[in-house]
Every structure is written in C-alpha cells, then in structure tokens.
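Note that chain A is present in both complexes that follow, paired respectively with chain B and with chain C.
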Partner chain A sequence: MTARRKSPSKPLKKTLPLLILAGPGLLYFLINSYFPMFGVFIAFKDVNYAKGIFGSDWIGFKNFTFLFQTSDAWIMTRNTLLYNLAFIALGTIVSIIIAILMSELLNKLYSKLFMTGLILPNLISMIVLSLLVFAFLNADSGFVNHSILRPLGLPEINWYSEAKYWPYLLVLIQIWKTAGYGSIVYFASIAGIDKSIYESAKIDGAGKLKQIRMITLPLLKPTIIVLVLMSMGRIFNSDFGLFYQVPMNSGALYSTTQTIDTYVYRALMQLNDIGMSAAAGLYQSLVGFALVLTVNAIVKKVNPENALF
Partner chain B sequence: MIQTRGERAFTVFSAVVMILLTVFAFLPFLLIVIASFTEETALIRNGYSFFPEHTSLEAYRYIKSSAYIFIRAYGVSFLVTILGTAIGLLITSMLAYPMSRSDFKYHNTLAFVVFFTMLFSGGIVPSYIMWTQYFHIKNTLWALILPNLLANGFNVLLVRNYFKNNVPLEIIEAAQIDGASELRTFFRIMLPLSMPVMATVGMFMGLAYWNDWINALYFVSKPQLYGIQNLLMQLMSNIQFLNSGQAGSVLGADTVSLPSTAVRMAMAVLGIVPVLFVLPFMQKYLTRGVVIGAVKG
Partner chain C sequence: MKKKGLGSLLLSMVICGSLLSACGGNSNTSSKNSGDTEAKAKVAEIVFALPSFNRIPDDLSKVTNAINAITTEKIGVKVDFRLFGPADYAQKVNLALQSGEKMDVFTTLGQFSNYVSKSQVAPLEELLPEHGKELTAILDKDFGPDILKTTTMDGHIYGIPVNKGMALPTNIIYNADMLAEAGVAADSIQSAEDLPAVFGAVKQKLPDVVPFGPINVNPTDTGLVNWMKGASKVDYLTDTTGVGVVIGDNGKVVNFYESDVFKNGIQMMRDWFEAGYLQKDTATTTITAMEMVSSGRGFSFLGGYSGMEVGKQLSAQVGKNIETKRIAPFYFDTSAVNSVTWMVSSTSKETEAAVKFLNLLYTDKELINTILFGIEGEDYLKVDEHHVKFPEGMDANTVPYTAMLSSGIVGSESLQYQLEGIDWSDVELKLKENKDTARSPYFGFIFDQGQVKTQISAVNNVVSQFLPALVSGSVDPETIIPKFISALKDAGAQAIIDSKQQQLDAWLAAQQQ
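Let's look at the complex of A and B:
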C-alpha cells in the first residue's frame, strides 16, 4: 500500500530539485535565444517605432526583395563564402603543418614554449589586433610603407583605401591569429598515435616524410574531415570584428570586406534600416541552419561517432 | 630511440621552422611595445620601427596623467569579466548537471533545448530590439554581461560531457543514499570533482568577457561604461577623441602635443598585459579544453 502511494510522488520529489538547478540556465536560454527566434517576423514587417513592433504593417517578402535587388546581397554572400573557404583550406593546412613540426620536437619544454607563443595571437581582442594591423599598414607611419616599401624604392600603398589588397591581408591576418590555436587539436591527435607504428615503419626503411605521408596524415584524416565539415556548417557566419574593426570600417573597402555580419550591423546601427537588416539576419540564420543539418548528415555517413546529433 | 641522419635533419628543420613561426607570431606585439616606448616625433618622422631613434616614456606618462579614465575602463573590464564569468559559470554548471544525470527524466529534453540554440538563432535584430525595448539594458552594466556571452550552448555541453564522463553515477547514488540532497550533491561532490573543466570553461568565458567590445558597440554609448577594449576602439577610430569632446576637456590636455599614436600603442600594451598573466596558466588547461570541445559538442 505504502509503496504504491509512494511511487507517483517520488518522481516529482526526485526531479524537482534537478529542475530547480536547471532553472536559471533554462530561463537565460529562453530569453536570450528562444524569444529572439520568435522575433524573426520582424523581417516581414515595415518596422515603425511609432506603431510598435507588433503594430507595424506586414509587408510580406518585400524586405527580402529589396535586399536581393541591391548589389550588397551578392557581394556580402560572395565575400562570406570565399573568405570562409580560404580560411578553412589554408587554416587547416597551416595548423596541420605546425602540429606535425611541433610533434617532431623531442624537448617537451620547447614545444610548450612554442605552443604558448603561437596561441598568444588567438587570445587578444579584435581591437588590439586591429591596432597591430594599423601599426603595420597605416599610410603615414606604418611599418610596411615606412620600413619596407620606402627603403626598397617601391611606391607606398594607401592600404585602408585600396580594396584589392584586403582579400590577401584578411586571410593572412586570420591565419596569423588562429593557426596556432587550431593546431592544438591536431597536435593532441598526433600525440595519441601509437609510437610503435612509426618504429616498424622505420625498420621497413621509411624516412620521415614517408612516415608523415603514410602514417600521420592517414591517421589524422578522421579529425581533419570532422573539423573541416564542422567549419563548413558555419560557412555563412563570419567574425564581425575581423571584417569590421580590422579594416577600420573603411567605406572604400566594402567591396572586399563586407560580409553578412557586417552588413547586418551597418543596416541596423548605421543605416537604421531595420527591415533589411532583419531580412539579412534571417537569410543568414536559415541558410546556416540548412548547412549545419546537411553537414551533420554527411558527418554521420563518414563517421557516425563524430556526428553532432 | 636512435635517430637516423635523415631524422635528425628533420628534427632540426622542425625546430628552425617552429622558431621562425613563433618569432613571426611575436613580432607584431614587439612592434607595438617598441612603438609605445618611442618618442612621438620620431614615430611620425620615421614611422613604426623595431629600432627607434629615440625612446621615451612619454606615452606612459601621459596615461598616468589621465589615469582615472584608464583606471575606470580597466575597472569596468575587470568587473564585467569577474561578474560575468562567475554568474556564467554558475548557471552553466547548474544546467549541465541535470543534463549529465542519465537517471533524470528530462536530461535529453534539456540537452535538446540547449543544443537547438547552437543551430538556429533569430538573428541580431530581434535580439537587439528585445534587449533594448523590453529589457531596457541600454547603457547599463548588464548590457556588457547579459547578451550573447553569459552562457552558450557550447560551454554547457562541454561541462555536461565532462560531468558525464568523469564522475560516475555510482558516486552520486552513494552520496544520496547517505542522505545528501541534489543541491548538496552538486555543490559538494560534482563541482569539487570537476575543477579542471570549471577552470577551462571559466577561462574561455573570462577571456571572452575581457576581449568583448561588441556588446558595448550595440548597447552602450556612455564613455563611463566603456571597458578597456571600447576605450581603445574609441581612441583608434577617432584620433580626435582625445583632442576634443569629453576626454580633451576633462584632461585639459594641450591639444597640439598630444602623443596620440604612442598612447594608442601603450593602451594596446596595457590591454594585453592581463592576458599575458593568465597565459601560462591557460596553456595548461587550453589543450584539454580544446580537445574535449573539438571532439563533440
């Protein structure tokens, strides 16, 4: 009798404390992530603060039509995709090279020192990074113009107004900032490889390069594939700071520095075009969502262990 | 393990390349440190250089003379970093704990609720309107703490995985048979056994708060609420900032001889210094954190 009466109340008694613990976090996600999800309707409204968000008129897909009629839509999509592809390809290659070279160093202390040095760029803010870049590139006293181009007798370049250099600059800057950090995962994977495999390859007469090609790289392949696929899922996102702050929000550079994220910011805060900004944001979220699902499906096929869900 | 000649050559090659790469990673920092110690006139005449003609403490003296602006910005940064990290770590781990309990009925539901936020978002515009129109966080300290940073799905799942993989359910069950409540189990058993992941996630959060400037860009227009990053940004995006407006009149500085370039570089140096202090500590946990985090969300 008592046992039967106890059982319905026991689950609640058991779950309630855990639900209370989860409460604050859940509330935060509800407010910070889920409420704005319902706000996507703003993209379909002609926002008018006088009428309020809810009272503003519905205009269907007009915000989207306007957005995709501008050249901005094409430029920011192209830039976001191409930069991400370059970051993924070069970033992966450089990270792997660093990891392999680092794992060659027999002295633990040295490899720790190098590691610390190489992750430092990843720890600074985009503001500080943009100052570093400014020290190199500013037209009057920048290191490149003043101490490299001038002594070589080459014409000085006005970096912050010449759009054509920025694709290379931004890729270089991004690799400089992230490659060391990115190499950590590969370094850890290499450290996990059974040393006896290398020993037996050596006995068979394989040199270092051959060992890397025949053992290290094939064993890294699953990690590489998963990491690349995961970054593919974020290919519609970009680091706002890198594309906004590092080029100093210079209008002359928009053709090569505008990404979806910087456009959303400018449309919202600088042009005050809330509808267009919301439309661009929703475009980014939806395509991003579709990409993540696609990528996950692919990862699941390649290696079910590593699928996100 | 005996090395062949080819292998030794490769080791030497690796060391040389690693040294070069590390130097390459360090040089820009060195350049701004040197620039901050360079005399402003030399900086203008000769540009940024690794071998300046005239060194000077002018920039740092200048910062000292208007110290309260910088101290305030530092204060805001530290306050936001400490508060944000503390609250963030607390609600992150409190949410991760029930998710890690496979005997808890809703653990998968919770995990999905958190995970879905990583897949889809409403975008910046709805968030911006919600925080400003309904929560009125504009120009408050909360604006620097609440949006985007406090807890994110990635961190919650990271902590959940650690709890799940490193603290066996048997320990928790044993504690509860001894009469410990869930709260007690969480604070007295789960947390003490999970210090490594707390340190890792706390570091990620702290660094994110210290380096954040975007929240202020969206939600803060009062210079009194600028942290060190936003002060730096203000100085940089507007060289005139120190010469005119609030700062200039407050400082009462001589507008002609303002050592703006060197001061900016000195400020950047001051912005990096706290990061340098945690770097060795960070190195210890970073590898672990990145590896745990990279494998699965």
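Let's look at the complex of A and C:
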C-alpha cells in the first residue's frame, strides 16, 4: 500500500514546482477564458432582467436568426472571409519578402534600423490611422483629390461614398500596418537557419535567388504553416478599427466594408441585447474553431510533421 | 510542499474573489454604517445617475453632501450621486443593470420601450399615489392629465416624463451678421421653401462660407427628418426605424421611406446639395454645422429647440451673433415625451425611496437647483428670484460644479433658475406650448417590439446604411431610394408594419371603449 502511494506522488513532487510556476497563468486562463464560456448559454435565452439570466426563457436558435435576416448576411460573411484570406495570403508573402530582404542585409546596423521603421506602423492606433487616411482621401481638401487629381486635370473621386475602391484601400492599409511586424518571426526563423547550408550551396554554384528558393523557403515552411493556421482561427473575426473607423462608418461603403463584427456592433448599439451579441460571438467562434480543425487536418494529411496538433 | 501549493492557490483565489466582490458589496456596508450613526429609524440609500452635458468634476462630494442634506432631512433618503457624460451614460447604466450593480434611478435617453421590453424597470403605479402625489399633480398641471399614458405599457406606469418644454419646433439657426451682409431680411424666412433664396444670396456674397450643414455627424443628420415629421404630421409610433409610421390621422401604418413626404423632402435636400449649399462630403464629414458656424465658415443648420430664447444661449456658446427662425411646427407623438423619462430599476430594493426621491426631484426647488448649479456662493450667485449668474471671473467651464445644460432632464423646468439675461417669459411659453402643440391622435400608443426584435435590428442596419447619404442630398434619390426600399423589404420591414398595425388597431379599439 505504502509503496503504491509513494510512487505516483514522486512524479508529482517533481512537477509540483513547475505547476506552481504555471499556476498564475492557468488561473488567468481559467478566469478569463474558461469561466466566461458558461456564458454561451445566454445565446439561447430571451434575457429578461426581472427573472435574472438563469431564470429567463429558453428560445432555441431565435437569437441567431437576426444574423441571417437580410441580404447583408451574405455580404458580411463574404467580406469577412475574403478580406481575411487576402490579409493572410498577401500579408504572409509581403512579410516573408521583407524578412528575406532584411536577412540579406549584411550591415547589422541598417537591418536593425529598417526593422524598427517597419514595425512603427503597427504601433499607430486605428483612430489615428483613420485620420491619416482621411487626410489623404477627403473630398474637398484631401491630398489625393487636392494635390494629385486636380492639378492633373483628372476627375475628383468622392472616396467615402464609392464602395468599389475600398477593397484595395483596406488591403493596402492592413498590409502597410501589419507586414513589418509580421516579418519578425520569419526574420528570426531565417536567422536560425544553419549558415553552412548556404555556404555549401554557394560552393555548388547556387545564386542568391536559387538559395532563397531551395533553402530559405523550404526551411521556413513549418513557421509559415503554424502562423497561417493560427490566423485561420481568427478568419471570422475582423479588426473593428480597420473596418469601422477607417471608412469613417460611411453608410455608402457598407457593401464592401461591412464585416460580421461591424454589423453586430451597429445592430447591438441600437438594441442593447446581450442575447443577440452572445449568439453572434458564438457563431464567429464556432466557425473559427471548425476552420482551424479543418486546416489542421489537411496539413496533417499532406505533411504530418508540420501539423499544429 | 503540496499543502503549500494548495494554500497559495486558495489564497490567490480568495484574493481574486474579494477583489470581485468589492465592486458589488460596497454600497451595502456604507448604508449600514450611516444607519447606525443616524438616530433616525432607517435611512434608505439609493443610487441616482444623471447625464451631464457640462464638464464633469473630479470631486462630487460637496454636491453629493448638499443633496443629501436636503434629502435625508425631507424624505429620509440618502443619495449616491453619479454623474456621467452623455456619450457613456447609457453604457454605464446598462452595464450596472446587466451586472446587478446597484442603480436605482436613471433616465432613458430615448430607450424607453427597450428597457421595458427587457423588464429592466420597475412598475410605479402602486407607489405613485402614496409617495408621488405632488409629482403627479405638477405633471397634471403642466401637461394635462394624460401625460403618464406615454410611459404606460400593459397598465403599468414605468417612467416619469421630465417636466420641461417638450415641443421642439424645427428652427433654422443662422449667423445673423452674415444674413445682414447678404442683404436678406430675417422676416423673409417663414418656411423651408424660403431657404434656397437665402442660401443663394449668402453663397454669392460670401463664397467661402458653407450655407448649410448637418446638425449631427457620424451618422449624418441634417435635421431633415425632424422637419418632415413636424411639417407633415408624421408619427413614428415610438421606434426610431421609420418603417412603421402613420402620416396624418388615417390610422394606416406605412413605410415612411416609401411615402411622397419622404421623397419630396429628400429631393429638396438633393436640390440644395446640387446647388452647392452643402459641403461635398456632408454624408461623411466629422464636423458639425455648429462647429462650422462657430469657426465662421458655416452659415446655418436645422435644429429642434423649444422656446424663443435659444439664439441667446447658442450665441454665447459659439461666440457669434446667432438668431433662429421657426420654419415648421412640432408634432407631439409618444416618443417626444417618453424619450426623456426617469425610471426606477427593476432590481432596485429601495423602490419606495426612489419614488420619494423622484417626487422631490420634480417639486423641490432647492434640490433641483443644487443638482443643476451646485452650491450657492461657490458655483453660482443668485441675481433675482429666477435668475443666477456665475461668480466673478468664472464661466460654465471654470466653476467647480455645474450641470446646468442638463436642465432639460432634471425635474420641473419652472422651478429651475435660468442664467442671467434669459427672459423668464420663455419658460412660461414653453409650458404653454406643451399644452397647445398639436398632438398625434396616437399619443399614448407604445409599440411593443418583442415580436419583431430581430427585424428591427436588421432594419436599423439598413437605415444606417442608406439614410445619412440621402438626408444630406449627396446621392441621387432616383436610384438610391428604390434600392433602400428593397433592402428594407429584405430585412423584414413588412413584419414590423404588420405587427404595428395590429397593435395600433387594438389600441384604438381600447381607446374607444
């Protein structure tokens, strides 16, 4: 008996200090990530404050219907997905290009300087950014209309009421803002690649481009897959600031700037209904969760070593 | 070691727990303490949240004490006074209601039926006869006996409308100096039809000045919809979407955006826009006409104001010579009254004290003016019976406390002090207009949104997508209005109209009995 009792406690004794170390982190997750999950049931309730949240009536999926009430449902789902796909694809490509260019810079001082410069846009808040964009695009005194189109004799564009330009503008703005920051991880991975591989490639006569294609990119693959997988989980979320603040909440642009987040925000600002907002949040999370599982399964099938789990 | 680990875990949980509970439990203990110290039987404590449109001071304790001195003496109620800016007032109140924090007396800021439909407010009809006699009497005197109908649903009175000038006719607010410079006589402005000529004259004489702008931005509101409501007798029937309205008195619920009244109004604004009377980016601008006027770049805007003295207040605010002319009457519908209503939270444990406090809030001159102006001698000086002024060398921004711009919200306007220079007869005029202004035949009808909540949410989204561009004239109504209407249909506008018609018919039938 005593021997039995001792043996399982031995590994515990070893791991206990680690457990204690992890304790605050676990507690944080418990309080901030797991306890709130019980709130999910609010999505299926008709919340009535006199009865209390637990006493309110169950109404099944009725809270979800408002998301799919209009033709907006299709537009916002399409926008959310396509913008995020564009951000992931272009963002990854641009980040990798930046990382490779940086790593090819032999002068360490320059490379540090450029890196800092590239990260700067990420530190600008969306509100400030929206004003910067406004300064470029506003109809009367904006830089583009006032200093480019007008002197050239071209017709001026009323940017904030023409939806067709915004897909390009938003992608451009997002890449400008995030690519520098995104390149850091790739830069670190490249720095970790064994230099002797490049040297032997050089001896074999491989040029710079061939080195990048044959060595850097294949060795970056695991990093790329992990990062893409992680962003897949957020594919149904959108940066609220980018889609709400930057287009100045202009109604005429909704067909290309409306995402699930902004739709829900606008709807709930007017209704103050936590049942519906919980429903929208749950819908986003479930689809995101399903996407991560799917993409991971595909990666696992193609190359088991690169899968996340 | 194991024990130690467990202990630390427990300890940290206890700390977290106590941190969380600290937020909620605070007010209870303090009320107990005051109960002990006071010799009186029992002092109830209530939380009273007021939106203030003035600067909010860091330290409210002096004013809170002054308020408490009045309330504990007169009704045995202690008040925890909270002051929030208009932008976060609704959010702060909603947060408190949702989290179960103590919040007893608050105002709606336009969300009456929303609070009622979620049972967030307590019915008051049983408490009013006992604790709110004077309050009911003063409302009867100033409005007529049916005013509480606007806050009654299913036989329960859920709110007390504020007692102020509720009739807000549409005015054109303009820079009088510019008008004179353009050589136009103020008397030539009588209706909206007279405005293009005025704008044209101003634009010709002062080419750098924008003749007309929106009163509100993001979303843009040029005041056009309010003008249409007053000029054409449109009753929105208590929700703000505009898809279920009655125009005139035929009892038929229609989609306002399909009506000729709407089309003609939008076409008028489109004509103004194309004539260059508005800025090109009016639909998306972040600058209100008020800011334009005060910087000298703008000439006018449309706004709904009660009384005739508003020009003086605005002149002081924007630093220009501002005058106003009424160009459309006001049309009294239910929401005109119940959009500013005092309510008692349904989770309140002190409903009796809350009603006692509300009663005082409408009838006690001292309490009302302490809440609005602060402490006499420090925050304001008395001039005569009805008028006050700021102490020497101070203004609304530099005195320690003032909430005077909230005067439309607190209690009875006829008991409030006015700033020096404002004609007292204006207050009497406002009270008179409350009784005289044309009332919608559906005054007192409240639409219960419960059945069509999702449609309303979807329709609201469509409205916010199309309406700002239309009311600023910046898009072609010929092509956009049909798109707008079909999007509304997709969003379920018909269900709202049907549900409203059904409720309205039932209400009308009940009225005839």
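Side notes on the structure shown:
Note that in this section the second predicted complex is superposed on the first by the 220 of 309 C-alpha atoms of A that agree within 3 Å, B and C clash if a C-alpha of one lies under 4 Å from a C-alpha of the other, contacts with A are read in each partner's own complex, and residues count from 1 in each chain.
Following the convention adopted for this analysis, a contact is a pair of C-beta atoms (placed from the backbone, for glycine too) under 8 Å apart; a residue touches a chain by one contact, two chains touch by 3 or more.
The structure presented is a predicted model; accordingly, all values stated were derived computationally and were not measured.
In the superposed model, A:Phe136 makes contact with chain B only, not with chain C. By the touch criterion defined above, A:Asn158 lies against chain C but remains apart from chain B after alignment on the C-alpha atoms of chain A.
In the overlay built on the shared chain, the residue A:Asn237 is in contact with neither chain B nor chain C. Touch criterion met: A:Gln69 reaches chain C, while chain B stays clear of it. When the two complexes are overlaid on their common chain A, residue A:Asn303 makes contact with neither chain B nor chain C.
When chain A is checked against chain B and against chain C, the one touching more of its residues turns out to be B. Applying the stated contact rule after C-alpha superposition, one finds that A:Ile274 touches each of chain B and chain C. Residue contacts after overlaying the shared chain place A:Pro24 against chain B and chain C alike. With both structures placed on the common chain, the touch criterion links A:Asn249 to chain B and to chain C. The residues of chain A shared by its contacts with chain B and with chain C are 19, 23-24, 31, 134, 140, 248-249, 268, 274.
Listed in rising order, the residues of chain B touching chain A in the complex are 1, 4, 6-7, 10-11, 14-15, 17-19, 21-22, 24-26, 28-29, 31-32, 35, 43-44, 46-50, 90-92, 94-99, 101, 104-106, 110, 113-115, 117, 119-130, 133, 135, 146-148, 150-151, 153, 156, 181-183, 186, 207, 210-214, 217-218, 229-230, 232-233, 236-237, 261, 264-265, 268, 271-272, 275, 279-280, 282-283, 286-287, 290-291, 294-297. Residues of chain A touching chain B in their complex: 11, 14-15, 17-19, 21-26, 28-29, 31-40, 42-43, 53, 98, 100-102, 104-106, 110-121, 123-128, 130-132, 134-136, 140-143, 145-147, 176, 180-181, 184-185, 187-188, 199, 202, 207-209, 227, 240-241, 245, 248-249, 264-265, 268-269, 274, 277-278, 281-282, 284-285, 288-289, 292-293, 306, 308-309. Against chain C, the residues of chain A that register as touching in their complex are 12-13, 16, 19-20, 23-24, 27, 31, 47-51, 62, 65-66, 69-72, 134, 138-140, 158, 160-161, 248-252, 254, 263, 266-268, 270-274, 276. By the touch rule above, chain C contacts chain A in their complex via residues 1-2, 5, 8-9, 12-13, 16, 90, 94, 97-98, 111, 114, 118-120, 218-219, 240, 279-281, 283-284, 286, 346-347, 453-458, 460-462, 464-469, 474-475, 487, 490-492.
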